[in-house]
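Submitted below is the structure of interest, expressed as structure tokens.
Going by the order they are written in, the chains are A, B, C and D; count residues from 1 in each one.
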Amino acid sequence: MSKSVDSALEVKNLTKVFHGHSFFRGKQETSAAGKKETGDGDFTAVDRVSFTVKHNTIFGLVGESGCGKTTLARSILFLDPPTSGDVIIDGTNLKNLTHRNLRLFRKRMQIIFQDPNSALNPKLSIKRSLEEGLRNQKYSSGKITGRIDRLLDLVGIPVSCKNKYPHEFSGGQKQRMVIARALSLEPEFLVLDEPVSNLDVSIQAQIINLLMDLKKQFSLTYLFISHDLNLVSYLSDEVAVMYRGRIVEQGPVLAIMENPLHPYTKKLLLSIPGNIEKIKNRENAEIFLTGKKPGKDVELFSLTGCSYYNECPVREDFCLKEEPSLRIVGIGHLIACSNDKYLKNQLLYKS
Amino acid sequence: MKRSSVSSRLMLGAVIYLVILGAAAIAAPVISPYSPTDQHLENRFAPPGHKYILGTDNFGRDNFSRMIYGSRSALLVGIVSVSIAVTIGITVGIIAALSTGIIDNILMLLMDSVLSFPTILLAITVVSFLGYGLLQVMTAIGVIFSPVFARLVRAEALSIKTEEYVEASRAMGSPAVKIVFLHIMPNLMGKVVVQASITFALSIVIEASLSYLGLGTQPPTPSWGLMLKDARNYLVQAPWMSIYPGLALAMTVLSFNIIGDTLSEKINPRIVKK
Amino acid sequence: MPLIIFIIKRFFRLILTVLLVSTIIFFVIRVIPGDPAAVIAGIDATQADVAAIRAQLGTDKPISVQYIHWLRSVALFDFGNSMITGEPVTKQILKRFPITLTLATLGILMGMLIAIPLGVISAVKRWSPVDYFGMLLSQIGMAVPSFWLGIILLLLFAVKIHIFPLFGSGGIKYYILPSLSLGLARAAVILRLTRASMVEELSKEYIITARAKGLTERLVKYKHALKNALIPVITVSGIQFGYMLGGAIIIEQVFSLPGLGRLFLTGIYQRDFTLIQGGVVFIAFVFSLINFLVDILYSVLNPKIRVG
Amino acid sequence: MKRILQQIIIVVLILLLPAGVLLAKGQKEERALQFALPGNPDTLDPQKTSGTLTFQVLKSIYDTLVEPDQTGKIVPALAEKWSVSTDSLTWKFTLRKGVVFHNGDKLTSRDVKATFNRIRSKKTASPKAKEFGAIKEIDTPDDYTVVFKLKEPSAPFLAALASGWGAILPESLIDSGHNFASEPVGTGPYSLSKWVRDSKIVLKKNPNYWMKGLPAIDTVVLDIIPERSVVVQGIISGQIDIAYRVDKDDLPTLKANPDVKIEKSLSSLILVMAMNSSRPPLNDLRVRQAINYAIDKQKVLDIAYGGGKVIGTFLDYSNAYYKDFTNLYPYDPEKARELIKEAGVTKDTVLQLVLPQNYELHVKAGVMYQEMLTKVGLNVKIKLVDWSTWISEVYRQSKFDLTVIGHTGKLDPDGTLAGYGGMKRYVKWNNPECLSLINKARVTTGFEARKKLYDRALEIMAKQVPFMYLGTNYVYNAIRKDVTGFRMTPKLDTLDFRWTEFK
């Protein structure tokens, strides 16, 4: 494996806009937290997102459901190419690939979905599902059989089951098969889109462990997407927090966990059971969890400044003036907040 | 299990009936006691008896022989019409679902145009254009039913397209053609088969309706639809003229429906499981 | 306002559909054999008579000229006069349409009223007597041509027992038998679909888990399942409604109802070009309108489709 | 299960009830005559159609100057009397006094003049204009006298005046461009009260009708019922009083009912299978003869047309000019086979038998012909076409080998025979001698003189067989026993309700 470039994945200013009839989409999306209406029925699902994932690390992406995480994942993999911005995987800018070359390149990046039930074609046996990618890469039949057996072995599914159909397995088993399928092409980079959220708690741990083992064994790079900050922080090396299509805070896992700065990150962190008690004594934590500063809310479609304004407990009028961009507040620690006074306080408090 | 045994028995019955029907259609010249067009004018309206098993019609033609020959037309109508409809429907539906914007719009506009007109009226217009006859009727029925399949296939394909296994397949670099044949087609065939079974039945019934209007099968070619048309004027006088072809038609429709149902359950393992 | 934009877009499409169909039909009916002038002239007329009639009807002009002329008058909402009867086409259509509409509406209503409850019960209680009854009904409905059913119903309820009139039009009693013979075949299709679709919904994971959890949850889920199951049913019912308007032709024939279908059929037989064209525009418009409404309903019920 | 069905029915009925209340019109009327009509008249303008149904209906609404009586003889109607000049070029009609139109206008000679000017006008584009082609000018010396001046002697002229297209319209409405197509106004025994296309035509008695005491019945309803079985059931159940031209196959059912009587009469149809005599192999006389030998005519008449008289030439059986040639080509399939062999026609030659799909009887006959012709070694394929196609393709362009049709008998033989022997007629049979005989007969007056000419022409036609002459069929009218006096006008086959009454 050649590692000519330092980072496994580089996302630069990625933006994804959906066009469509706002009549329908609008109705559908108002409940969702992450999309911005830009008029004419267009929605910016992902807004100028940039980050870098180093080789052999796990990058966690956190945000509540509907904030654009999955759209981002699909954009990164060019399943639904971004409207603008760059995705550079191991030095290759996906934008520059031809249709054909993109297809060939795909074996290097794979995705594991949230719902194992819909991730496997019900009409195909396990064997046929696993074969698909291998056939794309023109493996010989003999080789394919051998590889499928090894893959199943690797994820802990009895090889004897390979002629069975998905509906004959449990959710956890299915997810193992999905993992096996993703690994069949020996990718270097995997997007894990809420890989365990649809599974029973007892099985979640098994799958997480399996993923960790596999990472070690094959030196994989993960982009781990979840709404569960706790889980993300436990696994990741670096974490980014997404809110309504934008990254609001990003940094090494320790920095985020120990010193969350953005009010939204704080809120997420405080939502984890047990955390409130831990932090309670240090500051007035509740206001980040529940409170919001008195004042007039702004209609979403006319919101020009900080997208968190309506929920922010430390908002000021100037927050509406312009959208805050990410700025450095520590080593690798970035935050999008215009309230300098508040930030200063936070940083002071910490030291 | 009770239901599976009932279901399989029904299926068996349907298959046996259709096999017999198919065999009769093939071996019609051997089985028929008389020529289906021979007019025994001295024996008009003969009731079922030992000379004419199922009686004779208003020209004294043997009902039984005509029914046997009629099975040829019926099966042919079903097979040809459905094949045309399914072929056009799947092709158009999938192309529409996979293409975006203009092509999808044009295709669906075309299909809507066909759908924007009542079946029988359209059939009449198409048949007026092509000329009356069995082949023309089959073509007309096939063309007219294709939008139903196209719409169904498009809707299903659009929904399947968003399934994660399709995404996964794309992520693994499968080309579009492969995705269509490996993932989309097999998963929509269930509904297509159900619709096809309905359509098969419908096309036979529509052929009968067109024959009723005099636009279908040309006399003296025996067809159940045509027999029913002739028979409707003698309902009281010669009920056997309508009962038997009607029964044959109903049984055939029934059989295709049963087979369609059973197949659709087989194809959809999720349903079978529960 | 986006809603208006959406409707305008769809309406534009609808107009396009109607234009496409009517244009195709316009040329088709002129290409196929048959000539309204010859019909008017009858057997005894001379070629000169026919030519004179043709000139009076305007069918002697080149097709393209006729087409442009027709387009222009349609743009002014004028379908012209019938070539055979000389009456305004619009007037004739508007006189006939209520009858066909009543017939089709009653037909589809009867169909849905029979089919949907029966289909749901059949799916919930699969392989129960109700299910078998439903299957039997649907098989009969599908297997028996509607004209045939109509004649049988007439024999039974108008000849043997004098409950309904044998022919004529006017009050509701004239519509019961026709709409029943029209609706049963549609009921069969809707019933099958309701059942199949409901069975599929019920077999989905969320329902199965819901079932395990107890009755209240189960009820909620049934409601959910029913809603999902009805999506294809509604689409198909919409399309079926379309078929009804067409199927009405034959039923109108059997029951001697003066509906749009018969008007149109006569038009085709007599090559009454103006009548056919007016009828096509009208029928296609009504149809597309139904499809359009079905589409809206469909996408409201199934958000997944909208995104695509 | 039963309960569910019952419930469903109840629900359906409950839902339908309000609509029913809204739509129902429960009016009680005194008994109207219910007459079953198989289809719609195209139009009710007597000058703009050739449709039989139109003229059948219009007989009750309009009158003509003269009309045929029950024996077919032409008798006075709106004209009290008439006279012809010796050169046969001037016809003088004296109108009946005191006749009024349905709109109140008094009938005068100006109405007559306006009527015939309208039908002759190019603007009207009447398909019947040529029937009056012989008229040079029309004079109206006074209110009750009309004088027609002809270009040449015309034997069929009186017949044209007696036909449906000779209906007299009021001048005032002609001038104002009245729409006669849907609102006819005449002097007839009935006026149009309502016409619901494809449903019914309601006729109301004209109280001022010139025949004293007629018509007898106040309201006549023509129910338009396309379905034959419904008509049969309707007459049995009493919902229909008169059904004309019922199918012979329905007679047993009808006769079984004590309240129904059947009136049998001979029609004026000339039923034929026409042959395209210019197309091979039908241009070979032997093949045409073979076809005439191959058909068992009486049997086809009996089964397809409900019985009748076989004819041997191109005129209806009861026509005064009819001459019997039936012994020329008796049923002889052996002979037919021989002739076909002689002519060298094999199974490879496909003869297309084009049938007008809307005429059930002709289709029936066609199916029988096909079978009989197949038996003698011809390869005949049936092709059904709709009426407009038949008329424009078969009749106007002669695109056919064989076709089955019935020619309506005419009051004057010229109406039937004109043009035959020339290539303008659809059978494309060329015989100048026959054509000149027919042309000569048109301008000849006097029955005996004309008959001589027609005898010759009919003999040529009988021998040369451009048709397979089948016959003139019986028609059966089914009438409720309590209805009497329904008449059909001979030759014109129009409906005459003037003497119809309930017993």
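We adopt the following convention: a contact is a pair of C-beta atoms (placed from the backbone, for glycine too) under 8 Å apart; a residue touches a chain by one contact, two chains touch by 3 or more.
In this text the structure is predicted, and so the values were computed from the model without any measurement.
Participant: Stepping chain to touching chain, what's the minimum from chain A to chain D?
Facilitator: 2
Participant: If we define chain centres by averaging CA atoms, which chain lands farthest from chain C? Would you check?
Facilitator: A
Participant: Work out per-chain C-alpha centres and flag the one nearest the whole-protein C-alpha centre.
Facilitator: So the chain sitting closest to the middle is C.
Participant: Report which interface contains more C-beta contacts, comparing C-D against A-B.
Facilitator: Contact tally favours C-D.
Participant: From the C-alpha centre of chain C to that of chain D, how far is it in Å?
Facilitator: 36
Participant: Rounded to the nearest whole Å, what is the centre-to-centre distance of chain A and chain C, using the mean of the C-alpha atoms as each centre?
Facilitator: 50
Participant: Which whole number of Å gives the spacing of the CA centres of chain A and chain B?
Facilitator: So the centroids are 50 Å from each other.
Participant: Between chain B and chain C, what is the separation of their C-alpha centroids in Å?
Facilitator: Roughly 20 Å, centre to centre.
Participant: Which residues of chain D are in contact with two or more other chains?
Facilitator: 229, 358, 385-386
Participant: Enumerate the residues of chain B that touch no fewer than two other chains.
Facilitator: Where chain B meets two or more other chains at a single residue, that happens at 128, 232, 235-236, 270, 273.
Participant: Could you pull out the residues of chain C that touch at least 2 other chains?
Facilitator: Answer for chain C, listing residues that touch two or more other chains: 32, 34, 151, 155, 253, 268, 307.
Participant: List the residues on chain C that touch chain D in their complex, please.
Facilitator: Residues of chain C touching chain D: 32-36, 38-50, 52-53, 55-56, 84-87, 92, 95-96, 102, 106, 109-110, 113-114, 117-118, 121, 129-130, 133, 151, 154-155, 158-159, 162, 165-173, 175-176, 252-259, 262-263, 266, 268-271.
Participant: What part of chain B is in contact with chain D in the complex they form?
Facilitator: It is residues 37-39, 41, 44, 58-59, 128, 131-133, 214-215, 218-220, 232-237 of chain B that touch chain D.
Participant: Please name which positions on chain D make contact with chain B in the complex.
Facilitator: For this pair, the touching residues of chain D are 228-229, 247, 249-250, 252-253, 299, 303, 357-358, 363-364, 366-368, 370-371, 374, 382-386.
Participant: Looking at the complex, which residues from chain A come into contact with chain B?
Facilitator: Going by the criterion above, the answer is residues 74, 77, 79, 103-107, 109-111, 113-115, 118-124, 129, 132-133, 136-137, 165, 167, 178, 181-182, 184-185.
Participant: Please name which positions on chain B make contact with chain A in the complex.
Facilitator: So the residues of chain B in touch with chain A come to 163-165, 167-175, 178, 182-183, 186-187, 269-270, 273.
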